[in-house]
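Here's the structure we're looking at; comments come further down.
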Amino acid sequence: MIHHVLVLIRSQLRNEARAGEVATIIIPFGAVALLVIPLAIGIDTDLLARIGPGLFWVVVLLFGVIVTHRQSASVDRPQRDMLTLLGVDPAARFAATTIASTLLLLVFELAVGAITIVLYDPDLTGWGWLAVILPLVAAGLAMIGTLAASLTSGLGGRSALAPLLVAPIAIPILLGAAQATEGLRVGAGILRWVLVLAVVDVLLMLAGVLTARPLEES
Amino acid sequence: MSDWGWVAFAYTIVYGVLIGYVASLVVRTRRVRSEAARR
Amino acid sequence: MSDAPVVDVTGVALRRPNALILRDVDLRVECGEALGLFGANGSGKTTLLRILATLVRPTEGAGTVLGAPIGTPHAESVRPRIGLIGHEAALYPNLTLDENLALVSSLCIRPAMTASAALAAVGLGGAGRRRAAHCSNGMRRRAEFARMLVTQPDLLLLDEAHVGLDPEASGIVQHLVGEVVARGGGAVVVSHERERVARIVARSVVLSDGRIEPAPR
Amino acid sequence: MTKRTVEIGAFGAMIIAFAVGLAVPPDAVQGDLQRIMYVHVPSAWLAYLAFGITMIGSVVYLATGNLRWDRLAGASAEVGVVFTGLALATGLIWGKPVWGVWWTWDARLVLTAAMFFVYLAYLALRRGVDGADRRAKRSAVFGIVAALQIPVVHFSVVWWRGLHQPPTVLRPDNPQIDPPLLFALLMAVFAFTLAYAALVRRRMALATAEDSLTDAPRPDEQVAGAAVSAPQIGGGRR
């Protein structure tokens, strides 16, 4: 099982590295979003510095969904049949796709984060905590996105439906992440918000593993 | 708008939507029934 | 392996929203038998193959595939012994043929051949470093046949086996089917090329009106 | 209880609740605007109840595979989205004269809005999937994921906005609400809940009829492939 997961992660990441969808399309798209927001709300550098982290998380949430729905993660029926017949457990497939997406989302977060720092000049007090917060957010988004992708696989209107499934469910992730960074800025405790993120991740992991089989059969 | 105006507004929306929803259920049920009868 | 038939299903029906795909299918494939399956476009051949591969649960019907009752969790245990080639290739487009085959052999419980040996056997030894997306349809089909050499299934299910194949490549189909038959397994070959199929199968049936009928001679 | 009894009871109770809500004296503090609460509170209660029922239906469906539970989940979600929408709308209408703004970032408001969108997503998913079994499985999975997340959404939103004044009704030792007004509120909750039950039953019956229309056998049923015949051009049948 673990062997299967590792093999699948490697081939998914390699597939994405060659396709380059995250690096050449999704990251630039997120960067453009960060660039146009000040054009719409005005160039008040103090204001931008204050809302920078919040905007960063919004961009991560909305554009991160695209990362989990990249072409290289979509498994068409022939590939899925092949993996099933090779005896790959649906839960192993969920785990592999989720972990691969988590790693790519981390890359996405780092790239978009760097752009946020350059454009908005936010306060970076306590940035060491990001080493905990960023992976937790990436994992949560990856799991929601992977679940949404398998829920909508093979349906018409899939590309429009998946983000609608993800966004409201991801509210605790957004709140947890945004409040944690806000807490860092004002020097308040952030443990509670890190805990929210961790709980979300654990619940999603349970849901993903337990429902992989019924989803497989549908 | 007076207080009663706001109350009337709220009640109109609530009861209007509920009546509309009941009507839509009735219409949809009828449509399915007639479709089933046609077969 | 035992002498129980490789495939033995009766009364298989499959209902999908607004359509009945299969009505009442009885099908038996003995050990060491290759069966040709014909039928018009849209008659449900692909779906029947997916049922035999335990990937689709029939609405009605019972029977066994490789000894495991279909539609039960038990059927999952025989999946690694089933090989299915559909009309679309099950390849990751951005991985090379080598990498695709290596993926299969590392997921496979007991690979019968290395990835590169299998590719060489189907005549793709020189194309191993090409990405699947850059290969022609015929090459992708050959890569799929190489996958069968790696996994060595006891039940071989070939959908539209001869589409896009040059004469040499149809020799591969003949070899694969002959091999599985010699092992005492079974094969079901779906194709529209009746002459070519007749050469490799012992018996043929037609799927028509949701039922199996003997093929007209 | 037959379907008819529930429906007639719900209808009667709604009329009584409507009349009582308009007849009771105005609230000491809020005046006549308090009357909006007689439709707002029961709608909000049903938003939660409907979601709970959807969750139960999803779990039991996945455990048993009985499509009845899936229909219950789907019906409850559809009726729930109506009441959640009404709870939001009446909340806005109450907020404008009382607070001076339509919307405030109150924890309960944000939570209700989030639930509304989760419901909408759930219904959109149901509409997108063909076939009763497939639809049931996928929507049950989403129903469970959503149900697991709702408490987390609840706590995170509450923590985000700080704790708010708890509901004032459910404290029998220290009643802060006049008996007639309390009666009007409880009557409304009772009537709306009965209406919810009647609507869910109707919706389930409709779902059963729809499923039997698409999935059940028909005498003149076409088998796959029957729609394809020999071509008219190119020499016909080989």
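Some notes on this structure:
So that you can tell them apart, the chains are marked A, B, C and D in the order they are listed, and the count of residues begins at 1 in each.
Everything below uses one rule, namely that a residue touches a chain if its C-beta (ideal position, glycine included) is under 8 Å from a C-beta of that chain, and two chains touch if they have at least 3 such contacts.
Everything numeric here is computed off the predicted structure, so don't read it as measured data.
Located most centrally within the structure is A, per distance between chain CA means and the overall CA mean. Looking at which of C-D and A-C shares more C-beta pairs in contact, the answer is the pair A-C. With centres defined as mean CA coordinates, subunit B is found 40 Å away from subunit A. If you average the CA atoms of subunit C and of subunit D, the two centres end up 47 Å from each other. Centre-to-centre spacing of subunit A and subunit C amounts to 38 Å, using the average Cα coordinate of each chain. Between subunit B and subunit C, the centres computed from C-alpha atoms are 54 Å apart.
Residue positions of subunit C touching 2 or more other chains: there are none.
For subunit A, residues touching at least two other chains, in rising order: 217.
Chain pairs recorded as touching, per the definition above, are A-C, A-D, B-D, C-D.
Residues 3-4, 7-8, 11, 14-16, 18-19, 72, 76-79, 81-88, 217 of subunit A are the ones that touch subunit C when the two sit in their complex. Subunit A meets subunit D in the complex at residues 144, 147, 151-152, 155-158, 161, 164-165, 167-169, 171-172, 175-176, 179, 192, 196, 199-200, 203-204, 206-207, 211, 214-215, 217-218. The residues of subunit D lying in touch with subunit A in their complex are 62, 114-115, 117-118, 120-121, 124-125, 128-129, 133-134, 137-138, 140-142, 144-146, 148-149, 152-153, 155-157, 159-160.
Within the complex formed with subunit D, the residues of subunit C that make contact are 15-23, 39-44, 47, 207-210. Across the interface of their complex, subunit A is touched by residues 50, 53, 55, 57, 76, 79-80, 82-84, 86, 88-95, 99, 103-104, 106-109, 131, 147, 151 of subunit C.
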